[in-house]
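To keep things simple, chains are lettered A, B, C, D, E and F as they appear, and every chain counts its residues starting from 1.
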Amino acid sequence: MREDRKADELRPISIDTSFNRYAEGCALISFGHTRVLCTASVEEKQPPFLRATEQGWVTAEYGMLPRATHSRGGREAARGKQGGRTVEIQRLIGRSLRAVVDLDMLGPRSISLDCDVLQADGGTRTAAITGCWVALRIAVNKMLTDGTLEQDPVIGQLAAVSCGLVDGQALLDLQYSEDSRAEMDANFIMTPEGGVIEVQATAEDKPLHWDQFMQLKALADKGIGDLAAIQNEAVAKS
Amino acid sequence: MREDRKADELRPISIDTSFNRYAEGCALISFGHTRVLCTASVEEKQPPFLRATEQGWVTAEYGMLPRATHSRGGREAARGKQGGRTVEIQRLIGRSLRAVVDLDMLGPRSISLDCDVLQADGGTRTAAITGCWVALRIAVNKMLTDGTLEQDPVIGQLAAVSCGLVDGQALLDLQYSEDSRAEMDANFIMTPEGGVIEVQATAEDKPLHWDQFMQLKALADKGIGDLAAIQNEAVAKS
Amino acid sequence: MREDRKADELRPISIDTSFNRYAEGCALISFGHTRVLCTASVEEKQPPFLRATEQGWVTAEYGMLPRATHSRGGREAARGKQGGRTVEIQRLIGRSLRAVVDLDMLGPRSISLDCDVLQADGGTRTAAITGCWVALRIAVNKMLTDGTLEQDPVIGQLAAVSCGLVDGQALLDLQYSEDSRAEMDANFIMTPEGGVIEVQATAEDKPLHWDQFMQLKALADKGIGDLAAIQNEAVAKS
Amino acid sequence: MREDRKADELRPISIDTSFNRYAEGCALISFGHTRVLCTASVEEKQPPFLRATEQGWVTAEYGMLPRATHSRGGREAARGKQGGRTVEIQRLIGRSLRAVVDLDMLGPRSISLDCDVLQADGGTRTAAITGCWVALRIAVNKMLTDGTLEQDPVIGQLAAVSCGLVDGQALLDLQYSEDSRAEMDANFIMTPEGGVIEVQATAEDKPLHWDQFMQLKALADKGIGDLAAIQNEAVAKS
Amino acid sequence: MREDRKADELRPISIDTSFNRYAEGCALISFGHTRVLCTASVEEKQPPFLRATEQGWVTAEYGMLPRATHSRGGREAARGKQGGRTVEIQRLIGRSLRAVVDLDMLGPRSISLDCDVLQADGGTRTAAITGCWVALRIAVNKMLTDGTLEQDPVIGQLAAVSCGLVDGQALLDLQYSEDSRAEMDANFIMTPEGGVIEVQATAEDKPLHWDQFMQLKALADKGIGDLAAIQNEAVAKS
Amino acid sequence: MREDRKADELRPISIDTSFNRYAEGCALISFGHTRVLCTASVEEKQPPFLRATEQGWVTAEYGMLPRATHSRGGREAARGKQGGRTVEIQRLIGRSLRAVVDLDMLGPRSISLDCDVLQADGGTRTAAITGCWVALRIAVNKMLTDGTLEQDPVIGQLAAVSCGLVDGQALLDLQYSEDSRAEMDANFIMTPEGGVIEVQATAEDKPLHWDQFMQLKALADKGIGDLAAIQNEAVAKS
């Protein structure tokens, strides 16, 4: 059993939208001890593969400070290469956010989402996605306010949460001590209305039953709703 | 509507286990025009992070020949870097196969699965995983026959198949012309008994309903069963 | 003339030693809007070149988040290479700190100082050095308390500050708007007692007079004293 | 003495021009157990150094699948670098083919020859060159047929074969078991008429006599003739 | 005490401006056994970041032959990366030279200074800077003579020298045997008139007194004057 | 016709064995304006792949200073990668020298030959090989003299020379202005007694006749003899 919260309860969530004074949108998001700084940077240029079009782009990069974790990990810039896990996560973040942005309506510009993990206690990718939506929403709101954009290209809201089976019990929003011994680990990226954007579920040691996966889905529905409310509050206050 | 097969039908599948004469296990697998050469190489050494243990390891690498596709793509070795898609796929392949291998029982050795796409018409990662299980099974059978292993470390069978929503219709085993315009694309890696190893579903343009995802799951159940039978036949004949 | 502070005045300085819960020592240091997260990580292993000795090592790495600055800069990990400026700064940080540590007394272990710039408004390298001493001091204090070390290998205190000539006037602790139009830029790394650890002065456009350099030195003496007091307070409270 | 063929006899040679359905020209060539997939890709763009001209270009890349050999070799894409042997071979292939193409007549386009070794039993570079000529010939024939080209830029035929001194005996077309103990190893790239395109001869352990080299040349003359006939047959059937 | 020269004496200095026949300016400079080949290459193109301007650029690259030193060091090109020391030195060289060049007057062209250390016995960076000024001066003189430039963009002269405290004694122009045991090492880049371009002083083991630094400055004043005279003689004879 | 020398005449050759004071063997070799610094470095360690044996190794690295040529070329260390031409040449140099060294007799140590082109006017690889033999011979002589070696592992002499067909005429030792318009370019690495170590001949534009190649061979025989005499003289004087 979890010591300090219920199986279907999120860790304490907080979002600080004023941590960085330069970015067009910012969200320093905490899921318990996990803390990710998300910034949205708007640039009036397109990536090369869109040059002949009027379309915009949304992309993401992810990194972890060397001492975000219990023991120090190497610095990717010093090794000269982003690790496979980093690449996989940043591709997921970018792909998810693009699913709620109308790139034609965004016009010939780019929004780069940078997710830097300042402290890691499990769930960094779901925190990053949830924070990025806030940073993106704020950056686009500014463009709507200052007249850069006339129509809102953000066509929906999304949040992300992890769920897992630990000792046979389905738990919402795993912290590291739970994640490291989970039998199944799943990440759900969904809209508050229950729309599916991306689902990834991985059995760790042996195949699992489909109904176990469906228990995780039920937890995710609750978590996404809670996160969406906190996102909206943060955007409103920003 | 599909022209030449039913919505719940696989493309013609073939597996040639004799294409490579050196590897301990081999499967040249075709899903229609998609053709992937999978080899299993057994080495009597452990990766560095297992040095202090008696455990074995299973890992995978994935590559695509430059002209596997309609137009020529760059050669990753020449660019000096594996792309993000490659890294993501090879991590998925390795993780999936490890879920059906008892690494303690494998003992202090490594099995490397190399998946090289000779021709690509959609579904290369699911073909690769399905072929790798065959190559792995053959390689382990040899070790059981020659006495290297006493007990079978392969604790289950798995296959993989893609499903997608195209023009609102759920289709099994997408070819490239379907995949490139799918609204949702999902990959299921499962056991013939219906156990879940990994599920990944991605909405391409906008969020989708959960029951659409469940339609894809139903197709996958059928496809995995068909693939498992073909795998077993190929292993038996090898 | 400066608007909001005197020529020989530092920007508001703050040091938070509790921002990171995992590192052996931590200092989130702010020089005005410049904000650098410094962590000290102790590892019980030596770098390869010291293997045959009983000596320890202190090293530093420096990085800047992509949106630490007014406009987004590229991510070094994504480019696959640390830039020349980064390499130059991290070598300076490591060299400076080693000048106040007795490496024999430290024993066969390493302390890695990670300096990650969360926001940059000039003076990031001097903030990093000043913060690193705090993180190092705290990490070593823990080792003295828990008995890992019997004698204190930190043989002195140091702080760092930038000074510059702007429109002919000598100014202490340049912010970016000053730094970018300075005729001379100098960094002083010194002890509170006035000992010299490293001095670097660079004329930007044309050669300058030695007595102009000496004016900067006089400002640095004052700044170093102020910083040392703030460091001691932060260590005491940690 | 050789067990299964005469000193001046090639291994069984086969060429399959239909293995890849996308490339403009294709030759899956076998010299005994050595099997190389050669594709010719035509692109309507010039390399940067020819931008100001109307000239075309022919280039080649070479790679070996990790398990093409008896024991697994590393994957160059994963190591982030092509090895010296690879670079040397692909430069040789490109240079040789350019010697039989009139680049002005080819016009402002590129032909990329990709040589991927699926299985290696000695002589991979000579098989690759011999196969590339077939793939190139087929690709250019298509351009002549569809009117892209009016005149044939392929001004000659070429083939390549290795010869070596093994236990003092001159042998044609070495397989790996011979190659690995040869005293001298020579590669001849020639036209069916006896024209020299490239010759490379290397003494392995000690200097050798010139008349030994001349014996190898005599074998090459025969081998090139045999290969040219097989090439012509493959092109005719394609 | 020094064996063979006084504390304020340079090593024998020589400059050969004819060693390389292709470069626009050349100086093979020796400070005792330290020997650096400096070439200035003029190219009629700007670096990318100046494209929209009429300004020129001066940049430098530094390298050391593998056996320039007592024992062989690795080749940076083979390792695939310039070391931190190399990067730091070449940035210093470029920055210093730009301080005596009017980049607007130079016009839309680049001068690349290549410094290759053929033999190293301490002081390679100061020899390089001193030699580069000669190579630059000669290259610009040619452009003035042939009419490429109408006005002289070289607005001043500079030279560089190292000084250090060894066994408590201040010494000019350290050779390796002195440099390796110095308590403080300082590099002065100055004009013959005493103008400061760059000063870098580093305490090796423990903080030092400011008046010790001032002793080094006094030595540098003398050394810079001597070097400037030798530079002028070399330029006059070239 | 050549202006200043006969068709079968070498350019002026000189070898300076005292240019570098640290290397165990050194030869600064000039073939006309081509000038290559060759050093031999002896290290008492084996490469990893020989660890279990008592055998030694001889290897070579090649580089060209950026301004060795008429116009400046990029620095390979700065690009982060050795070019294909560099890799090809250094492999050739190492392979050739190993053909005249008994690696068992050399014992468990390595000799690294560094070839750095200070000025390039054609024939840099043949100059490098010819110079390396001198540097190697001197280094091994020292080991024989000081008792490190008892028996001489250098089992033969070698030199290298280029020959080419220019306007239909066979010429010995091409300079750049000849090399750049040669119809065939050949490099011969041979012993003074006429033994073949490596031969490489390349037709530039179109296939050539075998008897043209034989004319080049005749010139090489003469050139190798002349070079061997100059090598012996240089070794004797060193």
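What we mean here is this: a residue touches a chain if its C-beta (ideal position, glycine included) is under 8 Å from a C-beta of that chain, and two chains touch if they have at least 3 such contacts.
Remember, it's a predicted structure, so these values are computed and weren't measured experimentally.
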Number of steps on the shortest touching-chain route linking chain C and chain F: 2
Proportion of interface numbers common to chain E and chain F (over half same, under half different): same
Selected pair, out of C-E, E-F or A-B, that shares over half of its residue contact pairs with A-C: E-F
Whole-Å gap separating chain C and chain D, where each centre is the average of the chain's CA atoms: 59
Intercentroid distance (Cα basis), chain D paired with chain B, Å: 33
Chain B and chain F, separation of their C-alpha mean positions in angstrom: 51
Residues of chain C touching at least two other chains: 80-81
Round-the-ring chain order [start: chain E; next: chain F]: E, F, D, B, A, C
In the complex, chain F residues that touch chain E: 19-23, 33, 37, 39, 41, 43, 61, 63, 65-72, 75-78, 80-82, 86, 112, 114, 116, 118-119
In the complex, chain E residues that touch chain C: 81, 84-85, 87-88, 90-91, 95, 99-100, 155-156, 158, 184, 190-191, 193-210, 212-213, 217
